[in-house]
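As structure tokens, the structure follows; a few thoughts come after it.
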Amino acid sequence: MTQLLDASTKGVYTISATPFTDAGDIDWKSVDSLIEFYLQCGVHGLTILGMMGEAQKLGDEESAALTRHYLRRVDGRVPVIVGVSNPGTTNLVKLGKIAMDAGACGVMIAPLNGLKTESQIIAYFGDVIARLGDKIPVVYQDYPQSTQADISAQSVLKIVDTHSSVVMFKHEDCPGLKKLSQLRDACNGTTRRYISILVGNGGLYVPQELHRGADGIMTGFAYPEMLVSVCALFQAGRSDQAEDLFDVYLPLIRHEQQPGFGLAVRKEILRRRGAIQSAAVRPPGPKLDANDIAELDRLLARLEARLNRDVDGRRLAVA
Amino acid sequence: MTQLLDASTKGVYTISATPFTDAGDIDWKSVDSLIEFYLQCGVHGLTILGMMGEAQKLGDEESAALTRHYLRRVDGRVPVIVGVSNPGTTNLVKLGKIAMDAGACGVMIAPLNGLKTESQIIAYFGDVIARLGDKIPVVYQDYPQSTQADISAQSVLKIVDTHSSVVMFKHEDCPGLKKLSQLRDACNGTTRRYISILVGNGGLYVPQELHRGADGIMTGFAYPEMLVSVCALFQAGRSDQAEDLFDVYLPLIRHEQQPGFGLAVRKEILRRRGAIQSAAVRPPGPKLDANDIAELDRLLARLEARLNRDVDGRRLAVA
Amino acid sequence: MTQLLDASTKGVYTISATPFTDAGDIDWKSVDSLIEFYLQCGVHGLTILGMMGEAQKLGDEESAALTRHYLRRVDGRVPVIVGVSNPGTTNLVKLGKIAMDAGACGVMIAPLNGLKTESQIIAYFGDVIARLGDKIPVVYQDYPQSTQADISAQSVLKIVDTHSSVVMFKHEDCPGLKKLSQLRDACNGTTRRYISILVGNGGLYVPQELHRGADGIMTGFAYPEMLVSVCALFQAGRSDQAEDLFDVYLPLIRHEQQPGFGLAVRKEILRRRGAIQSAAVRPPGPKLDANDIAELDRLLARLEARLNRDVDGRRLAVA
Amino acid sequence: MTQLLDASTKGVYTISATPFTDAGDIDWKSVDSLIEFYLQCGVHGLTILGMMGEAQKLGDEESAALTRHYLRRVDGRVPVIVGVSNPGTTNLVKLGKIAMDAGACGVMIAPLNGLKTESQIIAYFGDVIARLGDKIPVVYQDYPQSTQADISAQSVLKIVDTHSSVVMFKHEDCPGLKKLSQLRDACNGTTRRYISILVGNGGLYVPQELHRGADGIMTGFAYPEMLVSVCALFQAGRSDQAEDLFDVYLPLIRHEQQPGFGLAVRKEILRRRGAIQSAAVRPPGPKLDANDIAELDRLLARLEARLNRDVDGRRLAVA
């Protein structure tokens, strides 16, 4: 039986890319190899059909088929969260049930694009969860840069207090460090129930966020093994060493985190690392030109040199 | 064989609602009765799967099924345009081909939500039309209040000059009267090929727009027969009489045109007029409360009284 | 001594234009004639330095000089509200004090452009009122179409409950009728203190808003005498007659209410009515071209004909 | 006589903070010490009244007084650009002339907040430059994250081709590297006149941008001496060494670059470095709480340790 997501979740949940062939179809073989790649990186969980997974460019049947295939292939080795955000609640609920039936540990939902007030967001989650049922664990995805639906810590707490099924908060507002601290302080397990907080934003502020009490990381950065090490070092109390390691990758993290464009960079790196066959992004989507490729070559060469120098040179011992 | 949409199109193309049962399923019987209602109103064409048709809340299969059913039922009595806008170009093209195979006269496409520059919009249409093929007639839907993708007359002209399949411009920028005049002057059939311009915005500026050279109206206003009469009177050179008639309905037009909320009002009026069985809107969507209903009752009673007084009293002779 | 604004305020507070010479300077003689024009229309109050007053295009000294001149000239005949919204709180407070010293009855403040959550808006008003002092009557201007700062009824109530100096709500969210009803029901003078609600949105929904309990109208429509009559008829219980009169002007109201563009139309009408010398709008701002002028001519001729026919013909007796 | 800004400009133009006392007044003594601080860092020029300078929170007289004081104090030691963006063109031009009279080398202008199409932006610059005169050197500030006014490379080129006074492009669109390359390729001094391109975005992509042909950096990062070194190393052909140095500061650059929040961080660092007396930001504005301070302490301690280790340890030789 599938383990359901709960508030004790920690670690790295990588947001999975959706591999396509150059012709634009889902590349099922690459889905399989990508799963193995992520698992070899040591991730604690996976999230599919996020924005980085190009979910909004998949058809309903593709989404359902990918969900079922992915979960069958992962086969319980790690928990899998499925993003189900949809302009229509009917379709959101439909995919949510398909996902849970296929063995997902929970669903991730962002507030509807264009909700204008916090009251509207609270009402929206109330309506969605009423239709979804309160047994399905829900991740609140807070990514206002994309949804335009901003929420304060106080209103997140109202949702947490009303809906016991909301067990995780995916933090990627920016600037958002203050909100993260407010939520961590409020949902401390004593004065209010604990919730898991995983951080996104391409990982750009991971050390700061872990210091502020985040439980882990949910992003699509193409070197998940580094994030796994950073989390482990933090948990072991070696936060300076964790941040040293993180900083080695920071030039690339910053590069990948460019909104929109970053997706093409990530897929290209995953391709170079052998995780997928083609770096194709479904249209409309970014493409790398010769300048972009040369720039990426340079960044990756610098990363490698730095890893050789610092990590092999024992300055940075990966956990 | 289906007649394809071309630049000579004139008249009223009503944007069709999508009727649902109270349980939220497509109400196929109401689809049929709604079609007959529209045809009895004398509309010159129909547009399905527009925003007012709640297209974004339908699943792929529902969209395809509705398209096929609708076209079979209309059975060539008037041309039908199908809205195919989609975050993913693959799905856009797929639905476009389904629509044309089913007998649609053309497709309507809005620029992708969030395109930020006119150059990006031009490139987007270039890419979409390349994939769609240049044989499928395209309506450019200019509704920046919803898409956030603003375009100037100059850039519309670039698209018109590049893509001969773009034969119609659905005007609903607001304020947009100046842009309408610019396009009409430029696409005059002499210095540049003519394109058909139909106007939306809930019909709020119809007399002004017809004076500026619009060829017709594409909106979901719940009294399409009035719009048909207004167009006919205008074409007959009786523009003052047309505007007199329009002004009788203006209080209701203004009321229906409230973004978002108006959809619920329209469906309620369609229900009262016997066109559909239920006024249900799929969630997330507006609902009418007791105040809203009382307000609508008052507006409709005033409309009826006014029609009895002015129209029956011969002040306004409908064509 | 100046009468301060309080929650019992009713009637029509016209938002004053700021007259400029063709060269772009404040036209002081037209300021004087405009004041007399408004007063002859029977308005109950005036609001200066609103968005329609091009406040954001005036320099600090111009704003201060206009405020002082205007108040001296009105000389207590009606109360005057001064818009003091400003990106910097220091300047907001400075102008607020200048206004009150010059005899204003209160200040109008919109939430800072770009505040993203209701919590931020509440905090912003808390900070502003703390600096302004709690003796200065405040009008909350709710115009999210311009400020992008959306607020729910619940959060307005928090501001009302916290700050006794907030005595008026300027309603111009759209669609916003439901919010208006919520606020009216909540601030009913029994379970919570009463606040005055004046409505804007160019007056587009005045009859509906008065039915829902609005206390009056604050907009810049160029025929304030009609709004005065509509309010009087409503208060006299003759709401149908009020709406008949309103509907006569509705084609023009709708035309003036086009965001941005409407300002140029209003100034042109004020010029034609002899209230100001030049219709000049400071750049950047809209200008009327030949099409716009012809369109306006037609609308005004139709209005005049309609008034002759219906009002003189006794169908519409103005109070 | 003042040297005017021209297209050959290279190097680091720091965007100056505006120092305030804790009470919120301009702190003139700190203005003086801040100027000396920047000059000792070796900057090639300065920009005042940018967004980081809290320009929109200054009154007109304060802006004028600060401009005159600043220029008198710099006294020609480096060129000074003055940001003059303003919702009203009259005030924009007025400040522009004050600035040039006081000895500025040019003015920086962002497109008006909320211009919706590239055509509108082009028209806006046409109008502004017509009023400003074509003798005043203009920097186009491309910061759509704040202005919401997006422009493509093609439209920037139209402005460059029309207005010879536009000699510099301040690049801070994000993602914007492709646009930077397009502009650099187009304005190459051969097929089209050269323009200077300085980059902003808090400096987050400086090495990538210099590789793509940027001429320098215009940002408010609190360690300008590093940016000076990076530019010098790049110009000397030692780009790897430049990037090594940059990467040491990258954790802090990333931290400062958080929109809005970063201003408070920068002022706090400037205070710690002795450049200004108080880190006060005028309201509305961010404040650092205890978590923020502890976080900054940690980041600065890590920076210092890293500099001691790598730079003193000869791995990174600053030019």
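Each chain carries a letter (A, B, C and D) given by its place in the written order, and its residues are counted from 1.
In the analysis below, contacts are C-beta pairs under 8 Å (C-beta built on N, C-alpha and C of every residue); 3 or more make two chains touch, one makes a residue touch a chain.
Bear in mind that the values here come from a model prediction, so they are computed numbers and not experimental data.
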Copies subunit A and subunit C touch via same or different residues, half shared test: same
Turn needed to bring subunit B onto subunit D - CA fit, degrees, nearest 5: 180
Subunit A and subunit C, separation of their C-alpha mean positions in angstrom: 47
CA centroid of subunit A to CA centroid of subunit D, Å: 34
Where subunit C touches two or more other chains, by residue: none
For the subunit D and subunit B complex, residues of the former touching the latter: 116-120, 144, 150-155
Complex interface listing, subunit C residues touching subunit B: 174-175, 177-178, 181, 204-205, 208, 211-212, 240, 243, 247, 250-251, 254-255, 258-262, 289, 291-292, 295, 298, 302
Residue ranges of subunit D in contact with subunit C within the complex: 24, 54, 56-61, 87-91, 94, 112-113, 124, 127, 131, 282-284
